[in-house]
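Reading through the structure tokens given below for one structure.
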């Protein structure tokens, strides 16, 4: 997690929905208990470590959208050079700028439910927005349009993925970052280096 | 080892053949004793730590094929960005897509039996397949056609190498990954970045 | 910090100005107390650990210029491959060789005072010079011409940034290095690889 | 040090010349006392830890050549991807294939005796050879032709540098590797990626 970017969450209970999420300014190094907050499905804080002034991640509404639409147990958001690059310029033969398509790689088998390299994974790309309720709606519509997607990219921002557990989400991040780098290096956009 | 990919094995005894191999879901971080299983030459588990539900690596039959045909003491399989790239598009002057040719590098001297940089190493590229018995046969035929090869690539999958010991196999991995990156950066395929 | 390059400082007091700065030969590994010196606003050492022969960083005058003009609490200077590259050849669409322009990235939000990805950050590029008083004057004029800049590049040398605290300056370094690599890889100069 | 490649030495005494050098098979991880051997100026072992079968590095004669011609106190030889690449194809504007020229970078100031970025460093490139006495002669002639050089490259092999101490040699390696990567990325040969 670089420069206070990135965040992650885990579902504590489903009815009512309670989500444990990292606070808005992630400290470098080890997280402490006061860096995790518990929110309801509107993104409002319901449990706070005494005395802390921390606020939940600005992107809490995106986590909630993902948890509700996908039944995810955990959500992970990271920024990386390769995901930022691929969110912004589509490599030829890999989509049209609103969806990144990756197929044929053994690595795809680590994505939940994927059992063969002969799988075509579509990763939708969503335009970034500072208006979180509006962005959350756009994310929700995107997830609805792509029910099989394991992840989506925010343009010039980063990668969102999820899983039943945080370990599943982490595995997805590793796999997708690996594939982004492989594709970015071999078939980048026209002006890529 | 990323996203549960990669695996390795070591020969415990030759007659009968007993192979210690990593289980099918490699945990991140340190391996524990219950993550290593012992198999016979059909890939069936013969020894299991009590209470474990682990299954041997899905690619056990490939390890057995290598051990039998090359008399290897250990087999190592890894996924990396550069090996995945080079398995998929042949850099000009380095083969024809079914064999990757590397020569002239001092680093080649670390491969078993190679004593000069004036050595031409041929690394065959095998198409990936989820049908393991079929893939194992294809690997066996490939190893027969290339008796001097120290390694082979599975297309869009990764690198397999071996040695008398796991340390030898590790040294081979380091050498080949180094060479893949060097070649990939200098003489990649036409659209590479 | 490679090869004794790079340096950092923190303001100990403002009136009179006292700056704690790394000595001229940064030892590899952990810094010791004798590696930090205290200087006044002319760059003269005012406090020295007994017995040390250390001299303040050769670039102390640049740190002082930044502290005075920006009211910074800490200054950080690093050398990196990507910052060196971007200081030297301007990627098309990102400035004219004397200023590097970066916009549209969520990562920009970590820069002090930046609240949206729809922000255009201008990073001036200053020609390197071994004459420190002359270079300090040039840096001062550059900071005056670009009052909103969070950093500047020294051509074929490296990156200077600052913040209220060393942690803020570190966050700026992380963000800018990330953006330099992203831009360098996607839209490098005409002959870039 | 990858795959048993790379080696280093330090002068123990000058008259007679005694050189402590790493043995021919560098173990991974921490070196032990039995991994360092002492040689005379013909490269013959004069002191050996009892019971060890280790042989001195195959490249001992190159170390001796450098120590004698440059009066170096330590010699360091490494293999890296960027040094291997730059030894093999000359980037335009950086020499003619037998000498690599680097100038204008602040990083050059870490090389012994260099006090300004306005310095032109010439790094000769020597063809590799398994015949060590012959290669040592070629290295000697090259060092004579380039009395100001701080290092030389062995084609498709790696980098040799030296210094008064091992720390000086290490600093040279860091500086040169940094510059190789910077140049390799910005102005590589015609087919570079």
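Quick notes on this one:
Note that the chains take the letters A, B, C and D in the order they are written out, and that residue 1 is the start of every chain.
Keep in mind that, in the parts below, contacts are C-beta pairs under 8 Å (C-beta built on N, C-alpha and C of every residue); 3 or more make two chains touch, one makes a residue touch a chain.
All values derive from a computational prediction rather than experimental measurement.
Steps from chain A to chain C, minimised over paths through touching chains, total 1. Among the remaining chains, D is positioned farthest from chain A, on the basis of C-alpha centroids. Its C-alpha atoms fitted onto chain D, chain B is found rotated by 90°, rounded in steps of 5. Under half of the residue numbers at the chain C-chain D interface are used by both copies of the sequence.
Remark: chain C and chain D have CA centroids separated by 32 Å (rounded to whole angstrom). Chain B and chain C have CA centres that are 46 Å apart.
Looking at chain D, residues 184-185, 188, 192-193 sit in touch with two or more other chains.
Those residues of chain B that touch chain D in the complex are listed here as 92, 104-107, 109-110, 115-118, 167, 170-172, 174-175, 178, 181-182, 184-188, 192-193. Taken in their complex, chain C has these residues touching chain D: 2-5, 28, 79, 81, 84-85, 88-89, 128, 130, 154, 156-158, 184, 188-189, 191-193.
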